[in-house]
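Chains here go by letter, A, B, C, D and E, matching the order in which they are written, and residues are numbered from 1 within each.
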Amino acid sequence: MNTVLVVRSLISGIMMGSVYALLGVGFSLTWGVMKVINISHATFGLLGAFIAYTLLHAWSLDPILSLALSAPLLFFLACLIYRFIIVPITKAKEVIVASMIVTFGIAIILENVMLLIWSPDPRLLTTSYTSKVLILGPLYFQYPRLAGFLMSLAGVLVIHFFLKKTYMGKAVRAAWQQPDAAQLYGVNLQRISMITFGLAISSAGAGGVAMAFLYAFEPHTHNLWLIYLFLVVIVGGVGNVLGTALAGLIIGVITGLSFAFLPYQWVNLLTFGLLMVILVFRPQGLFQSEV
Amino acid sequence: MLKGTNITKCFGGLTALSEVNFEVSQGEIVGLIGPNGSGKTTLFNVISGLHKNDSGEITFEGQRITGLPPHKIARLGIGRTFQIVRPLMDLDLIQNVAIAVLYGREEINTPRLARDRAEEILNFTGLASKADHLPGELALEDRKRLEVARALACRPEIILLDEVFSGLNRKEIEGAIHLTFRIRDEYGVTVFMIEHVMKAIMGTCSRVMALHNGVKIADGDPEDVANNPEVIKAYLGAAYAER
Amino acid sequence: MLSVNDVIVLYQKLRALQGVSLEVGEGDLVALIGSNGAGKTTLINTISGLIPAGGGAIMWQGTPIGGLSPDQICREGIIQVPEGRKLFSQMTVEENLEMGAYLPVARSQAEESRQMVFEIFPRLAERRCQTARTLSGGEQQMVAVARAIMARPKLLMLDEPSLGLSPIAAAEIFKTIEELNNRGITVLLVSQEVLQTLTIAKYGYVLENGKVTFSGPAKELLDDPRVKESYLGL
Amino acid sequence: SNAADKPISIGGSLPLTGKFAETAKWIEKGMKFWAEEINAKSGLLGRKVVFKIYDDQSNAGKAVTFAEKAITVDKVDLLFGGYPGTAARAVMPVAEKHKFVYVSMGGHMKSFQQGYTYSFGGPPLMGEWWYEGFYQWLKSLPAYQRPKRAAVYTMNNPIGTSLMDSINRMSEDLGIELVINEKYNLPLPDATPFIVKAKQMNCDLLFSNGFFADGVMTIRAAKALNYNPKAIVQGVGSIIPAWVKELGEDGNYVFSGTVLHYKLAYPGNDKLNAYVKEKYNLPGYPLYFGFGYAWMQTLSQGVEGANSLNQTKIRDWLKSNTVQTIAGPLIFDEKGLPEPVNFCTQVIDGKVELTYPKKVRTTKPVYPKPAWK
Amino acid sequence: MVTPDSKSRRLVFWVLVLFIALAVFPWLGIPVYFVSLLFTVFLYVILATSWNIIGGFAGYLSFGHVAFFGIGAYTTAMMINGFDLSPLLTIVSSIPAGVVSALIAVIVGYPCLKLRGPYFAVITLCFAFVVDLGVKNLDILGGPEGLWLKSMDLPIDIIRAIFFEVMMLIMIFSIALGIWTSNSKFGAGLRAIKEDEEVAQTIAINAPKLKIEAFALSAFFPGMAGGVYAYYLTYIHTDIVFDMMISILIVLMALFGGGGTWLGPVIGAVVLTLINEGLSTFVRAEFARIVYGCLFIGVIIFMPNGIIEFFKRAKGVPPG
């Protein structure tokens, strides 16, 4: 067996999967907690990437630092969207369905606004550490991937901690399981939902930057990202933040291993096929849904 | 007609039912009582096939039904209601019941005839005036009646009633007792019911079983069961016994 | 402390409350009884702010609270145990209790409250890590009451708290309510267990078809022939 | 007469939004530049030209309906060519049925083998020819200098398959062993394994037959893992301006091919370069800008040659005459294709240079590729 | 006075008039584009209406429905090329395409329909990718190159008219299926499953069987439509007939109009297809798309349960 190939593919795959997870947690949060399937989630991620790109070129600001600027911006944008678009649809009989249609609209609008602002040219986030490598014995860690991995780790832990350990996070979960009762115990539904939505979209911004470390992006790229998002979130169990993270790693491992053992032509097919098999045997996702 | 032997059901480490035996005969009204969390609803879930029991066997009219999917069990003639009501929220009452008629044992296959039949059943359960309401607009007791109507619509031979009397006041309980007898007499349906309202139990049941921590602790004449010291200690309480 | 004046509630075509007035004094235990569909739950929900009133006024300690949102009303110390429990079904018992003590006032006393609750419902202590959804019906009811206690209410409104409880547990609940009342919590109790309710209550109201038909001290109601006939089946 | 005053309308669709928008926008710009130029002169057949361009949203099915809309509703005088290959493949039969001359990139060789008579690759984007120049150049090297072992990674789509054609054909000829020959499906999740494997197998020639996104990943992985083959060949990702702009130095030294280049000596190229320099501040016009322009050149020469807007006459004229384009003179065969062209390009100092054949070359190729910095 | 009977008779009359008018439409010498446009509208009506059987009525949101469309297209293409069939046999040869789609739906549905809600949505999404990639990777199915079909030796307007009629016929059948479902025992069962599958089972509804039937039915017509589309286009490629956007669009169309009713998906498909096409006259493509996006938001904010539900409410008809 080709150990080097296996190990390197695996590391590379895992880091890649962790980035999907970062993009996925916020999606999982709005879906699991708020019953909003946010089709535009990846689009906001992409917006984060474009902002990082612009700041990098204008002020040589490191993409990770640019989050300090884009995260509040995305948060604010999310609050507006929540107030004016999401609130009205919570009246729908099937919020999930209505939310999908509405956020599909948002995605289209945002994509084309980005097209107008940034043109359709593909972009890359190139920093001083783009092609640096950390070599530990036989192991290679590419810096951008490592950065994505660490960002992901931080993001996932923050959101997990928020939901599980803080009162506000618990209120978020409670509010969407049983909105009436949550209000009866003093939870301000609107405020809490707005914060959740804002948090989710901000985390998408971070996810977008991490994705942009790995991949070229242009205004339509969110469609591709969305598919990976869906996968990690479902396999991890909707609303389950740690599950999403693990699912990202699993998808990374599957990809990594299939690159090591299969003709490359079959890698994508195997990934989707295996995910189907996983779902058939674990119909609730690998890890239980939390909310 | 319905018989269970050595039914055991565990949830993780918790044994919700342990070696429970029971039997319900044609035309009986049998009560099932027991403290909260003693496994009553679990027993109903096992009978109706929603939960798979870990061991033991259930037969219905001599036929083994353990392991059958819920719809087959319903098809054989076992109807049930849910303690925490589960109406089909987006459909009005008549549709709720008509669907059960369509798929029930009466072989009514046209929606129009099913509606007529459903109307009759709603009438029987006293919901006729609200036939075009959505379940969300009903007060809780009416929702329970809807549960009963839907279960009856399938034309079961035996109906499992899970706390359909709760939330009624004493006066209303009398009406419900009356309804229970009518279910048996007019529809010819055997009744197996879980109830905490002792008045209802004493007023309707020909026989009562008591569960405690998943174990059957009493089975027999309602009076005897109500006076069983173990039942009093675990379930009725000293205060009740005094009254 | 709480006064409800001539409150009207409409559900589309149906007049669920047609001018209901009611007083709850500080430290009282007031019972609200009435048959199925009389509008009891509607009244409780209107006080809590879940349902907008179509007319009338609700005053709390002298100030109007009509039109406030449910969470603002909760901040005033008005807490209800809702009909149908409305637990946070995917959260554990422990987390449900924690949510009860969500507001800062309650949060600071959460530890004591928890001790108290587990004393009252030892069963919940055993089940503290189980998700609420998988509890038995009665256990869920216990959690609902316990959660309300955690909120340290000034006015506790209970909508059929004994629903689905075994006789022994129901008796226990009534004892608890009485005890909470003795500790100074004002209680508005809705129950179909008319006898037990009126036994512990100080004052009672009878609601029928959205209107108050009788009211008076609980003892008097208990002896009233009409109440006896319609609610006690005597 | 009245009709003679009316402008000539040219219709069709381009993927202005969605996946292929980037390229389509350049094509559109090239076409518009052509119109600007011709309108500034006396126009086509003495009439102004106007475009009616629909956005097919990167959907080939829509490209078909829009072609029909242009033909039957807008009653355009001429149809312009579409992009990408799949759309061209779907539109070519429609153009044929409606008997409209369709000058486009085509959908590689297969699409020209379907017997269509109104379709022209003028010039085509022909995957099958893409590496011809590169191989010719390799052949011109002394045998010992040539690479021996190639790693080939190809995206699994029409353009990828057609690129494979020349590789398969000519590697054998030169005795280059295809040690690794793998296809992959888009989107490519990760290119690291490509490079790990190529490095392990001691491949000294790397083919990355992909679009921009996957091409970039491959190159970046090569740099990260410090993989230094003698040459890296990058199919079609490196021919768009973003390659040098976004990738910078890392994008240098990749080889590719072309049928059209801004440094070709044919008339017109300077003009385009000047325009692009002024308007977009680019050193030379992007390939697809050139394509958009060149297809219109071909079409308009057909019109002028036939001196008519009759499609069959235009077709017949094109089939029997030479057109002069910025890609050089084109003589179409019965399939609608010109002689194979085989230029080899290499990105050097952030510019796409022509490196072979000698008569067109702008710079000497850099070979072997310098090690990564 | 209008009795319900005369009312419904009048409705039937107008529907007939509409269909006859549609049937003669392509023969009136109208520009071929309009025939093709309506053909596309029919196609989406078929896709949305069929999807609605499993997605709208049963509440199983299939996000991979384009797979059945594509399978139909490829089946037909392989058949024509393999057996050298005359393209004039379109309607006949698209029936096996539908059958193959339905069969595959049964096979795939068996394990997949055990999943609920989002999990089902994603497994169907994966399924569509697997089929797409599978076809791309198999050279016998044309692989990455796609497949060319023989085109008919007839004038273009006749060809388009033939496809138009065939597609219309399939559409009529698919709508009829929708109407039947909404009024039948079958549909009632699916509704119960959508609301609460466990409860449905306790009232003797054989949920697993019913779901598979619904899935197969909802795959059948897209398969046929795919077959006809393959002929129409004469060149098919996985990027064209397995385009993920079609999957998403189908779902949106059905829900936008109102899932769970037969008319909703029809309206959704017609409205969205025509508006999208109408927007193509915009000068700047980006603005057209932005308007299109706003449409989704605007409509759902004002009609959160879809167009049909909104008008039903406005007319005072109780929902359901």
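In this text, contacts are C-beta pairs under 8 Å (C-beta built on N, C-alpha and C of every residue); 3 or more make two chains touch, one makes a residue touch a chain.
Source: prediction; values computed, not measured.
Q: Which chains lie in contact with each of chain A and chain D?
A: Per touch definition, common to chain A and chain D: E.
Q: Which chains does chain A share as contact partners with chain B?
A: Joint contacts, listed by label: C, E.
Q: Determine the shortest chain-contact distance, in steps, between chain C and chain E.
A: Step count on the best path from chain C to chain E: 2.
Q: Could you put a whole-Å number on the gap between the CA centroids of chain A and chain C?
A: 43
Q: Would you kindly tell me how far, in whole Å, the mean C-alpha position of chain E lies from that of chain D?
A: Roughly 37 Å separates the two chain centres.
Q: Where the centres are mean C-alpha positions, what is the separation of chain A from chain E, in Å?
A: Roughly 31 Å, centre to centre.
Q: Using mean CA coordinates as chain centres, what's the gap between chain B and chain D in Å?
A: 74
Q: Multi-chain contacts in chain E: which residues touch at least two other chains?
A: Expected reply: 133, 137, 245, 286, 289.
Q: In chain B, what residues contact two or more other chains?
A: Residue numbers touching two or more other chains: 90.
Q: Pull out every residue in chain C that's touching 2 or more other chains.
A: Chain C, residues with two or more chain partners: not present.
Q: What are all the chain pairs that meet the touch criterion?
A: Here the touching pairs of chains are A-C, A-D, A-E, B-C, B-E, D-E.
Q: Applying the document's contact rule, which stretches of chain D touch chain A when the two form their complex?
A: Touch list, chain D to chain A: 17-19, 21-22, 25, 58, 153, 156, 182-185, 187, 189-190, 192-194, 196-197, 200, 212-213, 216-217, 220-221, 223-226, 240-242, 245-248, 250, 372.
Q: Tell me, which parts of chain E touch chain B in their complex?
A: Against chain B, chain E makes touches at 183-185, 188-189, 191-192, 195-196, 198-208, 318-320.
Q: Residue numbers of chain A touching chain D in their complex, please.
A: 2, 4-5, 8-9, 12-13, 16, 111-112, 115, 119-124, 126, 130-133, 140, 142, 214-216, 218-220, 224, 255-256, 259-260, 263-265, 267-269, 271
Q: So in the complex, the part of chain D that touches chain E is made up of which residues?
A: Residues 16-17, 54-55, 57, 59-61, 64-66, 68-69, 71-73, 86, 89-90, 92-93, 97-98, 110, 114, 156-158, 160-161, 183, 185 of chain D touch chain E in their complex.
Q: Across the complex, what residues on chain C touch chain B?
A: The touching residues are 11, 14, 33, 35-37, 41, 83-84, 123, 134-139, 141-142, 160, 163-172, 192-195, 229-233.
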